[in-house]
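Paired with chain B in one complex and with chain C in the other, chain A is shared by the two complexes that follow.
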Partner chain A sequence: MFNFIGRSFPRHDGFAKASGLAEFTFDVEVPGMLYGRIFKSPHAFARVGRVDASGAEALGAVVLTPDDVPDRLFNPRLISIEEDTFKDWRVLTKVPRYFGEPIAAVAAPTEDTAQRALEALRVDFEEVYDPVLDPFKAMSPSTRPIHERVMRGGRWIEVKNNIAAELRYSEGDLDSEEKRSSVVIERKFHASRRYHTQLEPKGAVCKLEPDGTLVVWTTTQTIHNTKILISQVYGIPMNRVDVRKVLLGGGFGSSIHTNLVTLIAVGLCLKSRKPVKLVLTREEDMVHDHVSFEFYMKVRAGATRDGSITFGELDNLIDVGAHQIQAYPILGTSLGWFVSLYKWRAVKYHGRSVYTNKVPSCAIRGYGAPEITWAVETVVDELAEELKIDPLEFRLANYRGRGEIFWGQGPTVKSIIRSDGVPELIAKGSEIIGWKRRESPRVKTGRFRRGVGVGRGFHTSGAGGPLSGAIIDYTGAVVKVNEDGSIDYITALQDHGGGTLDAHIKIIAEELKIPPGKVRVVWSGTSTTVYDVCTHASRGVFTGGEAARRAALEVKKKVLEYASRILDSVSPEALRIEYDRELSDAVIFVEGAPEKRITLSEVARVAWQRNWGSISASVSYRATVAPPSFTVYFVEVEVDMETGVIKPIRVVAGADIGTVISPELAAGQIHGGFAIGWSWTVGDEVSYLENGVPAHRMSLTDYKLPTSMDLPSDEDFIVLFASTYEPFGPFGAKGLGEAASNPVIAAVANAIYNATGIRFYEIPMTPEKILKAIKEGE
Partner chain B sequence: MLSINAFNTYRIPQIFDYYRPRDLREALKLLESVEGAKVVAGGTDLVVDLKYRRIEVRALIDISRLDELRFIKLEDSYVEIGSAVTIQEIVESSIAREKLPLLVEAAESLGSWQIRNLATIGGNLCTASPAADTAPPLLVYDAELELVSLRGVRTVPIEKFFTGPKRVVLERGEILRSIRIPVSRNVFGWSYIKLRRTSFDVAKASVAVLLDARDGYIVDARVALGSVAPTPVRARGVERSIVGLKIEEAARVASERVVNEISPIDDARSTAWYRLQASKTLVSDAVWRAYERLLKIGV
Partner chain C sequence: MKIKFKLNGVFTEVYVEPHETLLNVLRDRLKVRSVKYGCGVGECGSCTVLLDGEPVPSCLVVAAKVDGSEVTTPDHIAQTELGKVIVDSMLEEGAIQCGYCTPGFLVTIYAALARGVRNVDEIRKAIAGNICRCTGYVNILKAVKKILERVGS
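Let's look at the complex of A and B:
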C-alpha cells in the first residue's frame, strides 16, 4: 500500500552520528569565543550579600552578577497561555532556593582561566536558612515561605503554605458510587526524584552578529520558545534572536523548557559583546539542574461484584522543588491520565504542587503518566484479585477505548478515541507471555521466583484539540522543490535523536512519491522556520509529521498543475503520480496515455527554465485532536529471595501507534521506553541530606543506569504493533515516545508481586528494600 | 570540603608537572626528589580524584609505559605480574587463564572494556579501595607484593598490604613493582561472585573462593571478601570452620560464620544491613560454584 512508510532506510543523520562528524552544541566553535562557568549556590536556601568580582576580573574574566541581568521574573517553559504561566525564576538570583542555583557567572578566553576566575569570585551570604525539604512540612503555616509571591501572567499572586499550584476536580456522585461498590481499595504511592540522564549535558553557544542579532545554539527541544523567552527576558525583538537548530543528544524532558544555562550564556555574551560557550558538566547537569517531579499519590477506587469500576479518587501531592516549570499543568495532566485510564463513574481529585528547597522538577518522559499509571494499574490489579476476576478481563471491561471521551492532556484538551488496539494487544501479548499459565504467588516456593505482570497505559499524541484551551500546540513546515527536483525540508521541530525527522522525510517522500534520499533536512533556525511549539507530548510524528505531509501535499498540487501544463492534460485532476523505482523519481502521467509522462524532476526543471516560479509551500498546522497511543506490556521477572535482586526475564511489549512509519526506530523507542521505565522501577533516585545537598548521587559513578547487559536480550524482548489506523494522523500514524515508557513501572511492579506476593508502593524498588520486605514477611 | 564551584570534570582543575621516566630507576629518583609527586598508571582512579579534587598533586610520574613493570611470567612455583599490566591484559593472558582462573574471573568483572584497557593491577591494589576486584582473588592466592624504592626491595604478603580504606603500607618513595602469586600443584575449584547495582559497577559485596575437596569433603578452603570491611579481607575463620565438612554443610556453615569476619557500612552503593545479609548468600553461592567447578575439572 505504501512505497516508503513501514520500510527501513538509512537515517538522514546516521552517517554523521556514527562517524562522529555530527555537530552538537558542545562542538560549536566560534572564533574568539569565551568560555563561561556558573557560580552555583553552596547553600540550599540563603540570601546573598555582596558579590566581589575583583579577583575574577583581575584574571581577565567578564563577570555577570544578579545586578547585570534584567530584574524580570519568568517561567522557562512557554507552553501554557500567558494567564496560566507562573513566573518565579530569575536568570541569576540573590536568593538561592536550592543547592546549586546560579548566582553569578564568569567568561574568560580559556576554560582554565574561566575555572580559576570562578574560584576567585567571592560571594557573601547575609543569611543562610534551614532548607525546607519535606513537602508535607513545607505546607505547614509555620514553615518559612520559599517564595512570598510569584507572578501568574502579568499579576502578582501570594504563595500560601508553599503551595505553588492547586487543582480540584470532581465529576459524578462519588458517595453513591462508593456505596454501590463491593470492593474499595485505598493505597498510597511514592515515586522518587529521578534524573533524566540524557546523553548530552545542557549547554549553549551565543554570538552577536554585526547588526546586533543574537545567534544562539543550544540544547533545546524547542527553538522558537527559546527565542521567545530570550526576547522576553532581555527585551530583544524576536527577529533579532536567531536560535539555530543543532543536533540534540536526547531530551526526555530535560530541555522541554529553555534551560537557565542558555539565558546565562546570553547574559555573558551581551555583557562581554563576545561569543560565549557555556556547557554544564555532567555533575552540574545532574546535581544542579533538573530532575523529575516527585509524587505522593493516594488512590481510592471501587468496583462492583460483577467487575465494573465505580469510582476513582486521587490525591496527588507533587514536590516540584524550588521553582515552577510546569507545577500547574502537571496537576491537570495527572488528572487527565487518571480520568482517561478507566471509565470511573465518579471522580474526585485533589492535586497540589509544593515548593521545597530542592532542584526544580521538570517533565520526564511520560510527564506524570508513568507514575499515575503505576498507581492505578496496581489498584486495578488488586481490585481484580479481590473480585477473583482475571486482571485482563477486568481491564478490558473497564478501560476507556474507542468512542469514549479522552482527555489525556488535562481538562482543556478533550477528544473522542477513534483508534484503539488494546483488545488486540491484550489478546496477542497474553498468548505469547503465557498468561493462562500464570500462577498465584501463594503457590511459589524456592529461592528464585518468577512472576508475570501486566501494565496498560497510553500517552496522547500531542496536546492539540478542537478548542484553543490553555495549552499552546501548533507547528509548521516548509517544503521546497529545487530546480532539479530535490527537496528541502525546513522545520523548527527538533529530533531528540529518536528519528522523528526520518519519519517526516518518509511522510514527505510518500506524499510526493519520491525516494526518501531526495529529501534533505535543512539545518535552519528560528529566523528561517515557522513556529513549532516543542518536541514534547509525543507529538513529533503525529503533529509535525502531519504538517510535513500537508506541506508536501501543497507542493504536489503545484507539481501536478505544472505537469498538466507541460503534458497538456485538461486539468491536474486527469493526472496520476506514482513512484518509479527504476528512475528513482516520481512520474506523473495521464492514465491510458503512456506517452504523456514526465518525472517530478523534469517538472521542476521546466518550471525553472520557463520562469514559472518556485514550487514550495509553507504550512502552519494545529491538530484538532490528541489521540491516545495505547501500550500493553507484559513483563516476566525473576526475584532472588535471598538477595532481593530482580532480573527482567521476558518482555512482550505491545503498542498501538496506528500506522508504523519506521518499524525499527519504533521498536527502538519501545526498547528504550522499557529501559528507562525499568531504571525508574528498580534503579536509582536523587535523595537529599538535611542541608539540601544531594546524598551520594553526585555523579554517574553512583547514579546507576541499567546497561544493555542488565536488560533482556532481543530474543526475550518481543515488540508487537497493533493493526490500527488513526484517521487524524499522517498516513494513519500516532505518537509513541512516552507511551513506550508509561506502563513499565506498573507492569514490573505487578510482576514483582506475582513473583513474591509482596506489593511495593514506592519506587525505586531496590534489592535493599525488597530483601527487607521479604525478611519482614518471613 | 571544597566549594561545589571548584569541581569541573571537563578539566583537571589543578596545575601540576607531568613526568614520563625512561626506566624504573628514573621513576624512583623522581619520586624521591620531586616535591608532592605521585605515581600514575592507568589514571582511572587518580584522575577521577584529581577532577573531584579529593587530592591535590604537584607532579605526576607516569609509570604506565615502563617495560620493567609490564610483564606476566611463569616461573616454577609462581606467576609474576608487573604492576603496570592492565586488567584487560590479564583477562587475555594465556598464563593467567591457565594458572589463575580466579583472578581472571574477577578481572573480567572490573569496569568496562574501556576501563580495563587503562586500569592496571598495581593501581587497583595501591588505591586500596575495599571494593578492588583483584584483591580478594590475590588474598586467597596468598600473593606477595614486591615494593621497590631507591633504598631497596621488600616483599609484603598481600594480607599485610592494606591497612585501612585508601591506606596501604607503601612508604614515601616506594613503588609496587610486581605481584607474585604461588602456583600450587593442587587443583582448586574457584569462584568469584560480585554483587553490584548494574553489570557495570563497583561491588556492593564480593567473594573469592578457592576450594579443594575429596569424596565430597572439603580438604582446603580459602575465602576472601571485598566491600564489606575497611579493607578487602581474608575470612580465615570461615576457612577453618568448613574444612572437613561435606559440601552442603560447608556452604551452610560458611554462610553462618562469615558475619563474624566482616564489618560492612552504609555507603552510596548499599547499606550495612544488606551487605551483611547478602554476604551470607554470596559466600554460600561461591562455595557451591567453586565445588561444582572442581567436580568439572574431574578430580
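Let's look at the complex of A and C:
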C-alpha cells in the first residue's frame, strides 16, 4: 500500500493562487521596463510597402519593423525532429496572411505612450489581395497561393494548391472487407474553429542581464523549446537565454508552441537594450492570436451481421489557417486516434492540412482526438443501431484493448496496450446511468425530451516509444536533499493547473518515504533545469512523474549507502526504509536490530558534517511506451423541442488512468474535461466575414462560455476510476488531461440523438441548428 | 486627479487619469497584483473586488468614482478568518486549477457569505459571473457546500 499516493493533500500552490499572490506573466514587472504594443495587419492578405516609424520615434518609442528582425523562417512549435519541421513564420512580416498578423511593434516607457506610438506608425500596403477563406476553394489551382514555398528542415519545398501537408495511409484489403460487410455507413462531419479561452491572455516580459544574458518570462507550456526557438531565431547561444518558469493561467494547447508575442518582445528588448513587457488584450488574444484546428471529416465504416467491424476509412481535411504550427503532426495523430479506436481489419486514410487566410490553428485539448472520436463514435453508434446490437456490446467486441497494438500519437509511436479498464468502466457506468432503461427516441414525446448517450475514447500518456521516431519526447528532473533532509525538486515541467507537480511531489515522497510537505518545487528556468519537451500529450504525470521517481530513487540509493556507513551495515541492500508517521520522516533500519536505526534527516546532516558531499540526482528520461488512458462517458441531456436549447442532466464519467495519485484533482480534470467538451459541442465557434475579419465575438461578451448555471452540479456528476495498474507508469499511473475531454462531444451528440432522433454532424450544435432540424423533421 | 479611498482598510491616496479603471489603478499604480485582468469588459470576473462591500468587476469601474469609497482585494480577503475558510475548503475539494480566476471566486463567495447568504443555490447563482475554463465548477460547488457547513448559520 502507498503512504501518500491516492490520498488528498492540499495543492502546494493553492494558497498563492487563491489569494492572487501567485505570479503570472501578467504580474511580472522589471524596473525600468518599456511597454510594448503590436501593429497588427488590418488586411487578411496583403503586401506591405513601407513602414514609416518617424512619428512613433518622435514620441520616444522604439520601433521594430520587419527589417529589424532576422530574416529567418521558423516554426513556433519544436516537437517534430528537424527534417519534419515545416517553417513558414517570421517574427514580423511584410506579407500579412491573416487579419492581425504582426507587421511592426513599438515599446515606450508608459502604456499610453506605447499606444500613441502605435497609432503614429504609418504602414503602406503595396497590394491587398482577396483573402482565401474556404479550404476547399483554397485547393483549387486557380486560387492565389498563400505561401509559394516554405522550408522543411533546412530545404525549400514548393507549396501546391495551398496544401500545407498531406498524409496517406492504408493497411489491409479494404475492398474485400467492404464486400463482406453487411452494413456500411458513410457520414460527413464538420468541427468548427474554437477559441481556447484560457483565462490569462498571452504575454511576455524580457530583460537583459549585465552580462548579456536574456531573461524571459512568458505564457508557455514549454520553457526549453521557447529557449531553443529564441536562440535559433536571434542567433543567441542557448546558455545566454534563460526562460523562467512562471504560472500559466490556462493552456489547453494555446501555448503549446512559442508564442509570437514572446519573439516580438525579445526583438524589442534586444533593440532597445531595455526590459520590455508585451501583453495582449483579450481582444488581441482572441481575434488575432490563436484558435483550434477546423476539421472536415468523412468517415466510412462497415460491420458484419454478427457485429464485428470490418473496415474504416477517414478523409480528413484540416483548415490550419495562415501558418503551420503542427499542420503535419496533426495529420499523423488524427490517423493514430482513428486507427487505435477500433480493430479495423482494413484502414484507408487521406489527411490534408490546408492553408487559408485566417489566424493560425494550434492544438486544443485532445489534439484532434475529440473531433475524430466524435466522428467515429457517431458512426459506431449508427452501425450498432443498424445491426440491432446494443451499442455497448458492439463497442466491447470491437475496441482496441489489452494486448493490441496502439499508436495514438501517430505511425512512428507504437506500443502494446498493457492496462485496460474499459470493460469495468462500461459495466459500472452503464449501471449507474441506467442504460438498460434507455428508450428509443421514437417513443419520446413532449416539449422536454431526455436522452442518454455514450462516448468512449482515450488519450495517450505522452508520446514516448521504443524507437526514436519523428517526435521529440523526453524530460528531466533534479532532486536534491538539503543538509537538514528537506528536498528541493527542480523541474522545467509546467503545471497548467491540473496538479501535475503535486503528483510529482507525492511520487517523490512515496519513493523516499518522507511526507509530501518536505518536498518543495523550486521555481526555476532553463538555465537551472534539464530539458523537458513540453507539458502536452497528457504526459506530465506519466513521463514527468516517472522522471521525478527515478531521480528520487537515485537519491534513495545514496541515502541508503550513507546510512549503511553510519549504521555499520554490511551493505545498503541490507537496509529497509519506511515512513515514520510520528517522526514525520523516513527511517532507515536493519531488520531485527532495533538499535540500528536512523532518519533520512540525520543521514543528510551526518553526510554534511563528515564532508561526504551532497545527496542529489539529475535524471533525463524518455518513456518507451505511450499507453492509452481510456475514458467512457455516459451523458444524459434534455432538449427543449420548442427552443432547441440543450441542458446537461447527468454525467457519469469513467476514467482508466492506472493508479490514481490525487483523487480530487483527477476528478477536477474530468469535470473540466466535460466542461470544455460541452462548450465545444453547444457553443464555441469563431467564424469569419468575407474580408477575413472574425464575424463577431470580438470579446467575451459575445463569445459565451458555460457558467456555473450551465453545467451539472456536483450531485449530477459522478466520476469513476478503473482499478488498473500501468506497469510503465510511476507507481502504476497514466495520463489524464486530454482523455478527460476526448469522448465528450461524442457522448453528448449520441445523447441528443437518443432524445430527439436527430443526428448532428456539425459542431457547435447551437439551439438555432437544433431547432431548424426539429422543424425540418416535423 | 487625486483620489482618496480605503484600500483593504488603509487610507490610500493616488493620482489617476480620468479614463483609468479601478483595475488599472490597482494593478499598475498601487501594485495590487491579486486582481487579475481577464477580459476588460466585465464578463469573466477575474478582476472582482469588493467596492463598499459589493462584488464588482474592477475593469468596469472608473477609478475617479472610487474617491471616498472602500475597496477590498482578494489578497486581503484571503487573510481574513472567513477568507481562510473559503480558501481551505477550495483547496481540500480540488477547486483550484490554473488559479487565474480563483481570486475572483474568492471575492464573490466572500461577499455572498458576508451578506448572510447560506444557500448553495444562491451562491451558485452569485458565481455565474465568474468564468472558469478549468474546473467545470463541480469542485467549486463542493467547496461551497463545505464552506457553508463550516460557517454555520
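One rule holds in what follows: the second predicted complex is superposed on the first by the 778 of 778 C-alpha atoms of A that agree within 3 Å, B and C clash if a C-alpha of one lies under 4 Å from a C-alpha of the other, contacts with A are read in each partner's own complex, and residues count from 1 in each chain.
Note that in this section contacts are C-beta pairs under 8 Å (C-beta built on N, C-alpha and C of every residue); 3 or more make two chains touch, one makes a residue touch a chain.
In this text, all values refer to a predicted model and were calculated from it rather than measured experimentally.
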Regarding the shared-chain residue A:768, is it in contact with chain B (first), chain C (second), both, or neither? first
Examine A:645 and indicate which partner it touches, taking first as chain B and second as chain C; both and neither are also allowed. first
Check whether A:118 is in contact with chain B, with chain C, with both or with neither, and answer first, second, both or neither. first
When the two structures are overlaid on chain A, which partner does A:723 contact: first (chain B), second (chain C), both, or neither? neither
Contacts of A:176 with chain B and chain C, given as first, second, both or neither: neither
With both complexes superposed on chain A, which partner does A:614 reach: first (chain B), second (chain C), both or neither? neither
Applying the touch criterion given at the start, work out whether A:14 contacts chain B, chain C, both or neither, answering first, second, both or neither. second
Which partner, chain B or chain C, is in contact with more residues of chain A? C
Is A:250 touching the first partner chain B, the second partner chain C, both, or neither of them? second
State whether A:39 touches chain B only (first), chain C only (second), both chains, or neither. first
Interface residues of chain A shared between complexes with chain B and chain C: 111, 281-283, 699, 701, 705-707, 709
Help me check something: in the complex, which residues belonging to chain C touch chain A? 28, 31, 33-41, 43-44, 46, 73-75, 77-79, 86-88, 90-103, 106, 124-125, 127-142, 145
Contacting residues of chain A [partner chain C, same complex]: 8, 10-11, 13-24, 26-27, 29, 111, 196-201, 247-252, 281-283, 496-499, 662, 664-665, 667-668, 671-676, 699-701, 705-709, 711-714, 717
Chain A residues touching chain B in their complex are 37, 39-40, 42, 99-100, 111-112, 115, 118-119, 121, 279, 281-283, 287-288, 642-645, 683-684, 696-697, 699, 701-702, 704-707, 709-710, 767-768, 771-772, 775
Per the touch rule, the chain B residues reaching chain A in their complex are 3-11, 13, 48, 52, 195, 197-201, 267-271, 273-274, 277-278, 281-282
